[in-house]
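The structures come next, written out as structure tokens.
Here subunit A shows up in two complexes: once beside subunit B, once beside subunit C.
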Partner chain A sequence: MDYSAIQLQLRQVDEAFSRSRINVYSDTKKKCHFNELHSLFVEISKIELSALSPGDVEIHYNLLSFVLNGLEYLDNSTLNVIPYELVSCLELALNDWIDDDNFIIVTSLSNKHIEYLLSTNFNSETFLSTNRYIQGKYNLKITNRLIRITLPKSLSRDYLSSAVLYHELGHFIDLEYNISQKILLKKYPPHIPIPIGVLPSDINKEYRHTLEFFADLFAAQYVNQSTNFFLQRITTPSRDGDSETHPSTAKRLQIVNDFIDGKPLEILDEFNHVLSPSSLPALKVRHSNLDPKISDFKNLTPQKLKTPQELHAIFKLAWDVWIDSETNFLKDFEEKERYHIINNLVEKSISNYTIQEKWNKA
Partner chain B sequence: MSEITTKDSGLIAKSELLDLIQKEELYISPLLDVTQIGAISVDLRVGTDFLASKQGRDEYIDTTNNDTSTRPIKGHFSESRRRLGESFLLHSGQVILFSTLEYLKLPENVYADLSLRSSYSRIGLNLSTLIQPGYCGCASIELVNSSNTTIKILSGARLIQARFYKIPDNQEYFGKKRKYNCQVRPVSSKANEDNDLTKLIRLNNS
Partner chain C sequence: MYLAKTLNSSEVQTPLYVDILERILNHTSEDGKVNIDKAILEAQQIALEKKEIYSINHRYYFLVTTLLGKYFEGLKEIKDEQINDKVYSDILHLLK
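Entry: the complex of A and B
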């Protein structure tokens, strides 16, 4: 790679900043991040590119990729675009697991039909090494790390489907603290030869499956079986089975159901045995139970929420109401309207809670 | 001054408003400040979501046609959001739609008449909205700036006053198909979905 690659990137980043300058964000941390990315870009723009060593060319290429990627997520996290209520819930969940206030949950709205994922390109190691480099070279610092979550644009206000974002947040926590990795290392210590018959690809598959189980259980703490309901919706039973990256849906559903029912669960114990020595919270139920038969939704009004536990429970309530909507208080509405009403009530329930909290603190 | 209270019909005054709210027969949430409830009205706040009219390549908003040959009515509006406490500019002659911050549910024998609080009506803003008995949702408000000056308003400001009136008979709100159910953000007009339009066009073409 020569410095001409950076020249092209600089033009791309310049164009991206000119479009993003007018962005209005939902909080000051995002604005701060934008300003810090811009400062980095300005410093890089000043250097004599042809004088860079091949190693420095690659470093700066990666720095500009970091800036571009950050801008992409910030552009999708403006006040007009960000699924604000969803992110509010995720931020509350994150607070249970991370004391550090220097994380920002940002979203990217995908045009793909069902694309929910966590971007893992810029993990803590990359972030620390980036900061070390730019502090040394440019006396700059990036204060906050982005937790980058992608969701389908068409589903950004679909709270029943987007409860799966808790699963993506679970991936972040797992990767941040290397939880699944620690389990695999316990099972296959590096100093001991792999058992005969076990291939490295088998271990990799087991690792990937463990990641999924953790994310499912993490989500279930907050949204109960909401992710199960979504998975059932998108899985074709005849084609269900383990893949290289994911356990079968049937296995995933069973583990979440057992967790919610309080049944003994070996994998839950394994996770908690890793979490505890790391001074991390245990995986446990962190939501209330909202009974759909007596919920405020029955009156076509938002649910009154008093605690974060009740807030997270709104997603399960929404699914319960939706599943029975042909026979419950929504039965006289058309199907499309029923779904719309439930999503509206979820949104307003969350909004009322967050507004009331902010008002009380102001 | 004695309060105006009626049993079967008429303007509902504070004591009865409080009673209806306490029994959750009249639902207003979030009610951030109890002083919003006045002697004969309840102040409602500007919400966080806005639709602002914009001029595009089409010469007019077509309320007569709902097929794909014309631009949808919502295409004549741009969406934006504000944090609570953040300002919004309403330019001279501009129409904006916003929702009340409060989600409302009215009893089936109560309707609401929304108007501007006098502090705002005297600077050139216009609004008048009626909410049907049994309505549930955030009220969609159409606000027009008829002054020759841009006006800055805050999301969350107590812009509106709602007077509630009792009527003798219950009206079943969902007794007929409604276009706007449990809305929580402003929704642009669905005038071109009126059932009568097809008949009117047929009439004209015959």
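Entry: the complex of A and C
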């Protein structure tokens, strides 16, 4: 790679900024991040590209990719687009795991059905060393890191399927603290040759499956079996089985069921053994139980939520009401209406809670 | 997406650590040396089995695990927490 790659990137970033200039964000942190990315771009634009060393060319290429990628997610996180209620729930869950206040959850709406992703190109190690570099070279600093979540545009206000975003947040926590990696690192220390008969692809598969189990358990802490309910509905049992990237649905459902039932679970113990020396809390149930039979939903009014635990429990309540909707208080409505009612009630319940919280803190 | 390439953390980290190590060896800047030294000593503690692998600090996880994989014997030879230019030079060589 030579500096001509950066010449092209600068033009692309310039174009992207001209498109994003009119964006209105839902909070000041996003605006601040936008301004910091722009300042970095302006400073890089001033340098003599041909004078950069090969190492500096590589770093600058990565910096400009970081700017472009950040802009893309900011564009999708403007006031009118961001699924604000969902993000509010995820932010509260994040608070249980991260002390820093320097994160921004941003979203990108995908046109692909059931595409829920989490992008973590820059973990804390990369963020720190990148900041050290740009402080030294440009006297600039990037204050906040983006947690980038992709979700299907068509389902951005579907609170039944969107519970899987807690699973995606679990991936972020895992990758941030290298939890699954540490389990594999202990089993296969990097300075010892891989045991005979074990292939690198076997280790990679084991690692990928460990990541999924962690994310499933992480989500279950907050949304109980909501992700299981969704997973069941998108799995064809006759085709279920382990893949290179994911354990079978049957295994995943069982692990979450056992966790919720408080049964002994070897993989849970393993995760908790890593979490403690990493100064992180243990995986445990972090939600209340809202009984649909006595919930406010029964009166077709939003659920009154008093605590973050109750807030997270709203997703399980939604599923409970949906699953029984042919026989419960929604039975007289058409299926289409039931679906709309549940999603509207969930959204309003979350919205009322977040407004009340802001009011209390003001 | 615009045209942003999907970046891999380790691909991004390597040139940044190379930059710090080159500056330390050229004596142009010691910025970043504190973290490099912490990572080297943490890797050494693990190599000597004085520290649990689960406790690796996430702020320099990539560097520690790279050192454990590629500089295991060199780590054990560091005496009295004294990290000299030869150690920095060895690490620079293995990262490049």
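The rule we apply is simple: the second predicted complex is superposed on the first by the 356 of 362 C-alpha atoms of A that agree within 3 Å, B and C clash if a C-alpha of one lies under 4 Å from a C-alpha of the other, contacts with A are read in each partner's own complex, and residues count from 1 in each chain.
The working rule: a contact is a pair of C-beta atoms (placed from the backbone, for glycine too) under 8 Å apart; a residue touches a chain by one contact, two chains touch by 3 or more.
Predicted model only: the values in this text are computed from it and were never measured.
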Subunit A as common anchor, with subunit B and subunit C clashing or fitting: fit
Larger contact residue set on subunit A - subunit B or subunit C: C
Contacts of A:K182 with subunit B and subunit C, given as first, second, both or neither: second
Which superposed partner A:H191 touches (first subunit B, second subunit C, both, neither): second
First (subunit B), second (subunit C), both or neither touched by A:L128: second
First, second, both or neither for A:H340, with subunit B first and subunit C second: first
C-alpha centroid angle, subunit C to subunit B via subunit A, nearest 10°: 150
Contacts of A:N62 with subunit B and subunit C, given as first, second, both or neither: second
Partner chain in contact with A:N272 - subunit B first, subunit C second, else both or neither: neither
First, second, both or neither for A:T235, with subunit B first and subunit C second: neither
Partner chain(s) touched by A:N328 [first = subunit B, second = subunit C, both, neither]: neither
Shortest span in Å between Cα atoms of subunit B and of subunit C, once chain A is used as the common reference: 23
Contact residues of subunit A, present in both the subunit B and the subunit C interface: none
In the complex with subunit A, residue positions of subunit B that touch it: 24, 27, 29-30, 32, 48, 79-84, 101, 103, 105, 136-138, 174, 181-184
Residues of subunit A defined as touching subunit C within the complex: 9, 12, 16, 55-56, 58-59, 62, 65-66, 68-69, 71-72, 120-126, 128-130, 132-133, 136, 176-178, 181-182, 185-186, 189-191, 273-274, 277-278
Sites on subunit A touched by subunit B in the complex: 26, 79-80, 84, 299-302, 304, 332-333, 337, 340-341, 344-345, 347-348, 351-352, 355-356, 358-359
Interfacial residue positions of subunit C with respect to subunit A in the complex: 1-9, 11-13, 15-20, 22, 29, 31-32, 35, 47, 52-56, 58-63, 65, 68-70, 72
